[in-house]
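Here come two complexes built around subunit A, the first alongside subunit B, the second alongside subunit C.
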Partner chain A sequence: MLLWLVILFPLLGAALNGLLLRKVSKTVSHIVGASALIASFACALTAYMQMMSAGGEGQVIFGFDWLEAGGFKAPFQFILDRLSGMMMLIITGIGSLIHIYAGGYMHEEKATWRFFSYLNLFVFMMLLLVLGDNLLIMFIGWEGVGLCSYLLIGYWYEDDANAAAGMKAFLVNRIGDIGFLIGVFLCFKFFGTVSFSELKDIIINGNALTGPQLEAVSWITLALFIGACGKSAQLPLYVWLPDAMAGPTPVSALIHAATMVTAGIYMMTRLNFLYFLAPDTQMIVASVGAATALFAATIAIVQNDIKKVLAYSTVSQLGYMVLACGVGAYAGGVFHLFTHACFKALLFLGAGSVIVAMHHKQDMQEMGGLRKYMPITHAVMLVGVLAIIGFPGLAGFFSKDEILWKAWIGGGPVIWGMGAMAAVCTAFYMTRLLMLTFYGPNRSDHHTREHLHETSAVMWAPLVVLAILSAVVGYLNVPHVIPGLPHLLFEHYLSPIIHVPAAAAEHWPHLTATYSHSLELGLMGISVLGMFLSAGFAIVLYKNGPSPTAIKLKKSFSGIHKVLTNKYYVDEFYFKYIVDPLKDMSLFLWKIVDTVIIDGIVNGIGQAFMLVAGLTSFRMSGSLHRHAMVVMLGIFCLLTILLF
Partner chain B sequence: MPTSESYLILATIMFGCGVFGVLFRKNLILVMMSIELMLNAVNLVFVSATQTLGNVDGQVMVFFVITVAACEAAVGLAMVIALYRKYGTIDTDFLRVLRG
Partner chain C sequence: MDFFNSHVLTLTTFLPLLTAVAIMFTPNLAISRWVAMGGSAVTFLFSLHVWYYFDAQTPGLQFVEEYSWIPSFGIKYIMGVDGLNLLLFILTTFLTPLILLSVWHIEGSKQKAFLSLFMFLECGMLGSLVAFDMVFFYIFWEAMLIPMYFMIGIWGGKNRIDATTKFIIYTVVGSLFMLAAAIVLYLLHYQKTGTYSTNILDLYTTAPLYETQLWLFGAFALAFAIKVPLFPFHTWLPDAHTEAPTAGSVILAGVLLKLGTYGLLRFAIPLFPEAVATYAPIIVSLGVIGIIYGALTAWMQKDAKKLVAYSSVSHLGFVVIGSFALVAGGNQISVEALTGAVYQMINHGISTGALFFLVGIIYERRHTRMLADFGGLAKVMPWFAFMLIIATLSSVGLPGTGGFVGEFLILLGTFQSSPIAGITASLGVLLGAVYMLHLCRKILFGPLDKKENQELQDLSPREFAYLTPLAILAVLMGIYPNLFLDKIRPSVEHLAQNYKQYRLVAAEQPAKDIENVASSEQSAESAGE
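Let's turn to the complex of A and B:
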């Protein structure tokens, strides 16, 4: 029952704001939107506590019979276990903080009812995605969050660029969704069910899989992974996420950093028993993850828009999570999802505060020295940056090094190397962001500088909560090599969810093997050292704004710099080889096939009739009497024939 | 008492007058009156048939025809008024919108 409340509160909030409260003041829509989420969070927390105190066993909560056709059954039911419970808490908890913050951020806007209505609807869809017990309910949520994402990216739809960004996100996601759907269909064809619990039963406890089934698993996992690539912004479908920053910043924090983009990682973790069975797919997953992590991190180095840096950083961090899934370290991936949700939401909201203070200027070249004007924002951003770059002791350190370690033992040195390089880049660009924004002289114009001030409490209070979370949540999963603390709590917590099928155990020796602590410590040392060096380098280059050395470096590597600034020309490539040919084809279909051929046939038939009619219509005088005469003559002739 | 033939002859004459009116009168109101005349010629045939055949079916039918004729007259006259308001005339020579 509680679980239903968790889901229905955001829907209620969306309905209230969207249907009834369109004319009321902004404060009311803010209060309705935020309190719907807080109520949902309270229910979620209670439900979660009940579940955990009952032993943490997964519960299936039956709603109603939904789809039934022949042997196919997909009841509308929810699953509440350790994984979905945790996701539910992240979504509603961080969602609440962001909703509170959004009231301050959207203060200047008109029509905030629309904003809060969409945002609540998003949370509803996301909860559906996470809590659904079968792939079809997940798919509803999957599409629903995509829709809300589209609506919110285009929130300021008067500007064409924003509307285009929304459409781009929607269309690119559609490509992934086709993969997802194919995965669902294949799953039903070969296993006869789309329910997570039944699938798990078949694979873990059932008979050995037949040959075709085993082969199908590879395709199912691959198809679903294409869906994950779209939603979780992996190569080659990541292009929508940087553009999605056109939406309001709380949207970027909630949807495009903390929750929606992690749906792919959630889905793969939910189906981990399937993915374990397909080592080939897992190899692809790990490679895509590692490549994305490094690729996006290099782009982030040269971006000047504060939100663009964070966007590419998000893509890169999602790459880490996918990499973790690929090497079978699902707990590590989900743990990074959790810590990332905290510190990336913090970073986005902090950037949002900066943007509000700067009157919606986002170019870091015009910032600088904001530490003086916004001390609280500076402090929390500092925590966020230290957390994401993996400063020892903060959240990112534990979660990222866990993934890198698993990448080494599960994926080998190349995968590890890519991850570590990405970590070094992360340290560089995040430090650069911090330096350019908060340190050095202020480079904004006089007018902007005069109005620089700390934001209101409704905006910085959620930031402080998130900063505390970013600092401490890492201790939930301390690796074995660090003595004196409880070890790997999170991994143990999640272990009932992770099942390596007996048939696949041979492919995953590193999950059970033990390794020397010195190797793990050594790798950790390398990545921490790399992090310090590159962060230090960034401090030297940017502590007083872009230093002459930085400008000289930019000049001497102008070729690379240009490629990076233009994001490897991926958008241009897609436009040239996919979008433009499609447009040309559509133009051909429109101008030639439709206008000339189809319209030609249809209009030709009409014109033929007109022509024939034109030849005979001179007989029509329009005279009433002549018409009547003809009728009479006709009747006379008919009667004559009939009677005689 | 007149024979049934004489009724039929009268009805035929009335009907012929009606047809003639519809075909050759220019005034729409007269055209409508001619239509009424044709209807009543038919009524006369019905009534005379009742007398010759000895059942009331024809008379029942006449009531229907009268009712319908009343409706037709009402609608028709309304249309004539509407036409007059729109074109300023009810002379059929000037009402030639359907000319091809």
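Let's turn to the complex of A and C:
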């Protein structure tokens, strides 16, 4: 019952704001939107506590029969277990903070009912995604969050670029969704079910899989992974996420950092027993994750738009999570999902505060020295940056190092190397962001500078909460090598969800093997050292705005710099080799095939008939009469011939 | 009550005809509007009676009426409903009052004739859906063309004559093939059994030789493929849609096209099952081509109405492939796919009907349908934007709308039948979003920079009144499909699993013991009082 309230509150909020409260003041919209989320969070917390106090076993909650045809069955049914419960808390908890903050951020908007309605609807869809007990309910949420993302990216739709960005997000996601659908089709074909619990039963407790089934598992996991690439912005489908920054910043924080984009990681973790059975797919997953982590991190180095830096950073961090899934470290991936949700929401909202203070300017070249004007924002952003770059003791340190360690033992030195390189880049670009924004001289124009000020409490209070979380949540999963603290609590917490099927155990020896502490400590040392060097380098280059050295470096590596600024020309490539040819072909189909060829043939036949009609001097004035007569005569002739 | 129950199909079918005649005798347009609305509303209520008392447990034919007409030729008057035509029947009666509401404001001396023709058309559509005698079916089938011909030809745009001629010629050519094939089938049935019958239920037992079936199936399939329209027989559709008045487009897309796909299910497949397996790969290929081709050409359109018209080619492609997704070595049709196909027919009627209404609404205000003439309308017409987005979402098959249920089941079943076809058709899901979001972006989003658009009025209460039921249904069909699926399940499963030896008989107990239900209802009512 409680679980129903968890999902119904946001839906109710969306309906109220979207349908009934269009004329009320924006304060009312904000209160309705935020309280829907807070109520939902309260119910979620209670439901979660109940579930955990009952031993943390998964509960299946049946709603109603939804989609049934032939042998296919997808009831509207939820699963509340340790994984979905935790996701539910992240979504409603961080969602509540962001909803509160959004009231301040959207303060200058004329009508915010639309904004809060979409945002509530998004939370509803996201909850369906994580709570659904089968792939189809998950898919409702999966596409539903895509819809809300589309609507929110295009929130300021009067700017055509925003509308275009929203559309791009939807369409690129749909490419992934086709993969997801094919995964569903295959799943049904080979296992006869799309229910998570039934699938798990078949894989874990059922008879040994047949050859075709085993082969199908590889394809199922791969197809679903294509879906994950779309939603979680992995290579080659990541291109929508940077553009998605056109939406209001709270949207970027909630949807494009903390929750929606992690759906792919959630899905793979939910189906970990399938992925364990497909080591080939897992190799691809790990490689894609590592490549994305590094690729996006390099682009982030040269971006000047504060939100773009964070966007590429998000792509890169999602790469880590995917990499973790690929090497079988699901707990590590989900843990990074959790810590990332905290510190990336913090960073985005902090950036949002900066943007508001800067009168919606986002170029870091025009910022600088904001520390003086916005001390609270500076303090929380500092925590966020330290958390993401893996400063020892903060959240990112624990979650990222766990992934890098698992990458070494599960994926080998190359995968680890890519991850470590990405970490070094992260330290650089995040420190650069901090320096350019908060330190050095202020480079904004006079007018902007005069109005620089700290934001209101409704905006900074949620940031303080997120900063505290970013500082402490890492201690939930302390690695063995650090003495004196309770170890790997999170991994133990999640272990009932992770099942390595007996048939797959041989592929995953490193999950059970023991390793020397010195190796793990050594790797940790390397990455911490790299982080310090890289961050230090960024401080030197940017502590007083872009230093002459920075400009010189940019000039001497102008080739590389240009490629990075243009994001490796990936968008251009897609347009030139996919979109434009498709357009040309479509135009050809319409103008030539349809209009000339098919219609030509039809008209030719028609004219032939007319000719015959003309020859038999069967002409009448109005075309209507002629056709009617032809028809009647034809029917008559046919009847005569056939009947007699 | 007894009389009503046993004649409800006849009453529902011919009430519109009666209304059409009555309209001719009304003194003025105002009264004729009310007559039309009253007639169509009562027709809708009658059809709801059928819906309510329809027995969802049996694949048999229900509410059967059977009278001998010309015994020596074996021509009978037979009507009935099963799960294959029930939903289409109700869709027709449901859309008609909405369409009448959409033309409520149109003045002019010819408008009375329009209303009358429209009611005549409704009779034709309902008749073709429930007629189970070949002759009657054919009469209804051809009768539909007459009002459609005039509607496009008189009330259409500037190329209306060309468009309506093309429409009629295409359709009539197909129909003639069908007629010829039907007559051959009739004679074959006589040869085999020694009795003349035009009863379709009898004709199902004919089972001609394989080679004969190939020809006959081809003729029937051609007639229906043109109606659907299946690529490459579709070029009449964009023209007809573009030239037709809004009301014509809505009913054309909403119901008339479905008669093509319905015909395939009711006639072509069960009458000539041996030919199905031979033709299925070709038809499925054409369907898949149509999905992709229709979507790509829709994307290129500059006229909003033409875009929606081409989208129908794509959507109906889904219905066709769902109807021919053979499994079990060709001995069965995938139940999932066939369920989806029947469902998608209804859903397409709702979502595309709504889209044509919406395009009509801005056309009336601006007298243009060119995408380039719009932009930023969401600002001045927020409720219009809301409705257009709902219709778009259903059209692109977003989960939670009816479009998803239909497309998903079709693709699921098609994939089981042929993975290649399933995967290729899945691209239609992406391309559907491409052209529909393109449409939304061009009309609703971007700067509101054209002066003519800045003063546009949002939806009027009347427009609300006919769009809201469609929007609600589009969502309801996605959230609770069982409401509809439960009714069609037995019939769909029966056809899917037994199409090779399809037999249809009247349900033994016509319509879940109407007496009991009715009396218990009455007692409940009296108790309430």
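Couple of notes before you dig in:
Simple rule for what comes next: the second predicted complex is superposed on the first by the 591 of 644 C-alpha atoms of A that agree within 3 Å, B and C clash if a C-alpha of one lies under 4 Å from a C-alpha of the other, contacts with A are read in each partner's own complex, and residues count from 1 in each chain.
By our rule, contacts are C-beta pairs under 8 Å (C-beta built on N, C-alpha and C of every residue); 3 or more make two chains touch, one makes a residue touch a chain.
Worth saying up front: this structure is predicted, and the values here are computed from it rather than measured.
For subunit A, the partner touching the most residues, choosing from subunit B and subunit C, is C.
Look at A:592: by the touch rule set out above, it reaches neither subunit B nor subunit C.
Once chain A of one complex is fitted onto chain A of the other, the partner contacts of A:551 are absent, as it touches neither subunit B nor subunit C.
Once the two complexes are overlaid on the shared chain, A:606 sits against subunit C while remaining clear of subunit B.
Shared interface residues of subunit A, touching subunit B in one complex and subunit C in the other, are 623-624.
On the side of subunit A, the complex with subunit B involves touching residues 617-625, 628-629, 632. Residues 19, 22-24, 31, 92-93, 95-100 of subunit B are the ones touching subunit A in the complex. Against subunit C, the residues of subunit A that register as touching in their complex are 22, 64-72, 136, 139-140, 142-144, 147, 150, 154, 157-160, 162-164, 167, 170-171, 174-175, 177-178, 181-182, 184-186, 188-189, 582-583, 585-587, 589-590, 593-594, 598-599, 602, 606, 623-624, 627, 631, 634-635, 638-639, 642-643. On the side of subunit C, the complex with subunit A involves touching residues 149, 153, 161, 165-166, 168-170, 172, 176, 179-180, 183-184, 187, 232, 235, 238, 293, 296-297, 299-301, 334-336, 339-340, 376, 378-379, 382, 393, 398-400, 404-405, 408-409, 411-413, 415-416, 419, 422-423, 426-427, 429-430, 433-434, 437-438, 441, 444-448, 480-482, 485, 489, 492-493, 496.
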